[in-house]
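For reference, the structures are reproduced in the following blocks.
Across the two complexes that follow, chain A remains constant while its partner is chain B and subsequently chain C.
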Partner chain A sequence: MASADSETRPQEAIPQAVKIIIAGGFGAGKTTLVASVSEITPLSTEEVMTEASYGVDDTGGVEQKTTTTVALDFGRITINDDVVLYLFGTPGQDRFWFMWDELAEGALGAVVLADTRRLDTCFHAVDFFERRGVPFVVAVNRFEGSTVYREEEVREALDVSAEVPVVLADARERESCKEVLVELVTHVIRGRNPVMSG
Partner chain B sequence: MRTDGVHGRGAAASALPEEVFRRSEPDARSHDEEFGQERFLRPFAVTAGDPDAHAVLGPESSGLDMLSLVVAARVPGRHEWLRPERGAILGHALRARTVVELAAEVRLPVGQVRGIVAAMVADGSLQRCGPSRSLGRQDILHAVLVGLRSL
Partner chain C sequence: MSTSNERYGVRASVPGDGGPPGRSSGHQPPPWHRGRGHPTSEGPSVGVAFGDAPAGPLVRPYTMTRGRTRPSTGPRLDLVTIVVTARDLRERVREPEHEAIMRLCHRPISVAEISARLDIPLTVVRVLLGDLLADGDVRTRATMTQLPEKKVLQAVLDGIRRL
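And then the complex of A and B:
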């Protein structure tokens, strides 16, 4: 018997949703990169957090709570009928670790955007993915007027292992972003198939 | 001092405040004390006795992550105006949608949408759905590589 339900069932194939994380310091170009390759205008959503602080006033040790919102932006690339790739920019503020935890969970890999004006701002992202065992590439985003680094200099400054690709990029250029993502996925595949990396 | 041998990164950052390194802990939630006066928590709401209240749920409590797929199991009904968020979610979920897309579309925080979606799955308004074809990780990676190259 036909039910109302069957009319709302999707006729088309439901693709598998996979994700890549775009991380880096504040203002490193994460949102720009997502926008450059996304097939949709990057969507933005928020996570609301409770900020708890202790003993900051004479209520002495009583927990104060206020809420803070963190913006999370993401883009989408339809790969084929079976796979849709989501790109998530990490929240600019690096203290929101639980967001990172969830974002990293099940991610294919990550791009760490290194901002040449302040290379140190991506250290925590490098640490995070290294410790989590999430494969990543470092994309060096050059800003006008900042020091021009060579790949080896960045590699040395960030102290990433030799197999981690370090590529120069411009987050505003679609082609450049595409290359970064291809580099990442190639790196992930290579990592899982050492025999093929010869 | 860092003791994990990441000397290059540590040395280059020696001028940075200590804080930067404390924040490098992989699981800050278990290191809240180190943050000093403040810490950030995933919020929650107590909804006892109010079926329309929306719990703000995390991935653990709801069983839904940002990319979990749901689809409408019914069309928005005439009582939906009482709970406009639910109506909006149903409207956007006529085709399978991820939780995070629904959040962006209805302009509500992910945690809240997760709570509403979990409630709607529980009451049968939404259905969770898996991909039509489940591919292995290598197949996915190869598809993604080919797809990206041909962008």
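And then the complex of A and C:
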């Protein structure tokens, strides 16, 4: 204990990071939600991927290399001295699926933001999280001028199982976003203790 | 009380407002900065307009890594791997990008945040961090690939409620 060396800080001094994924179609309000609860102005980080592309342009069997840049928006919430929570928005376009695996790895859970004007844009997300076993909630973002649907209608349209919470939300409202996140984390905790452990 | 927002890195610094840590004296953005003011994919952050800062000289990303596209060895660097400096900045001379990272990591900060704040693509940041790790300049905390433990989940829940 007495050998506390100034240049080797104890391992415990580095906080643990957890992440929550905010998914949904382009313009569903992902970054708005992140901004509503983040303690920092949302940041954007870029991943540059070089990938072989096949079959898009037929250039006579020549394998083409293309460079793709994907932007990921994220925010941060400091939970306490030991835990920091990051909220990551998924890239809006379907062609950036390769980023989802990295995002999903080790994620605490996900929020699928549904835009009732374009409900089909979140089918992929629901599918992905179901397949990957990532716990998620569906948050129906209310947009002005959009038809108001009831929770059951959205649940049915998305065909999510009964235990997946579906909540109405307003991504611009901090309190509303907090409720969505509370709903998610509660859902995750519930999933860890399916039966009363006694 | 020590859960200040500043704890995990500097507050959103916008290029042009004296933000990113230049070399000691500087309000100059780093040479590789493209001056886009960290726009998110849905547009610039609040108060930042596209093209606020002049587009600086563009350095091709992998120039900084001398062509390397992945770290040679070391632990896996996830988006949210937290990095912190392990030694004094003045102990040795490093490349400017390495120095900029070291300066940011004075407080624990995630890989994604380093990338965003320095405006360097993630892949490149990973390579540069690999160098710093190999030299013992920074330390990381391994990220979880499993679900966090119950007490962490409870802390997260309480933390969100307190917002």
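Some notes on this structure:
We adopt the following convention: the second predicted complex is superposed on the first by the 174 of 198 C-alpha atoms of A that agree within 3 Å, B and C clash if a C-alpha of one lies under 4 Å from a C-alpha of the other, contacts with A are read in each partner's own complex, and residues count from 1 in each chain.
The rule is simple: a residue touches a chain if its C-beta (ideal position, glycine included) is under 8 Å from a C-beta of that chain, and two chains touch if they have at least 3 such contacts.
These numbers come from a predicted model, not from an experiment.
Once the complexes are laid over each other on chain A, chain B and chain C cannot both fit and instead clash. Once the two complexes are laid over each other on the shared chain, residue contacts for A:Thr31 go to chain C alone; chain B is not touched.
In the superposition on chain A, A:Gln16 makes contact with both chain B and chain C. In the superposition on chain A, A:Leu119 makes contact with chain B only, not with chain C. Of the two partner chains placed around the shared chain by superposition, chain B is the only one that A:Phe96 touches, whereas chain C remains out of contact.
In the superposed model, A:Asp159 makes contact with chain B only, not with chain C. When the two complexes are overlaid on their common chain A, residue A:Ala71 makes contact with chain C while staying clear of chain B. By the document's definition of touching, both partners, chain B and chain C, reach A:Val188. Contacts of A:Arg142 after superposition: neither chain B nor chain C is touched. Shared contact residues of chain A with chain B and chain C: 7-9, 13-19, 37, 43-50, 69, 72, 74, 76-80, 82-83, 85-86, 88, 102-103, 105-106, 108, 174, 178, 181-182, 185-186, 188-189, 192.
The residues of chain B lying in touch with chain A in their complex are 6-9, 12-13, 16, 20, 23-29, 35, 37-43, 56, 58-59, 65-67, 69, 71-75, 94-96, 98, 100-101, 103-105, 107-112, 129-135, 137-138, 140-149, 151.
Contact residues on chain A toward chain B in their complex (touch as defined above): 4-5, 7-10, 12-19, 37, 43-56, 67-69, 72, 74, 76-80, 82-83, 85-86, 88, 94-98, 101-103, 105-106, 108, 119-120, 123-124, 126-128, 131-132, 156-159, 174, 178, 181-182, 185-186, 188-189, 192-193. On chain C, the positions that touch chain A within their shared complex are 2-5, 7-8, 11-12, 38-42, 45-47, 61, 69, 78-82, 84, 86-88, 108, 110, 112-113, 115-117, 121-124, 139-141, 143-148, 150, 152-161, 163. Note for the complex: chain A touches chain C at residues 7-9, 11, 13-19, 27, 30-32, 35, 37, 39-50, 69, 71-74, 76-86, 88-89, 91-92, 102-103, 105-106, 108, 174, 178, 181-182, 185-186, 188-189, 192.
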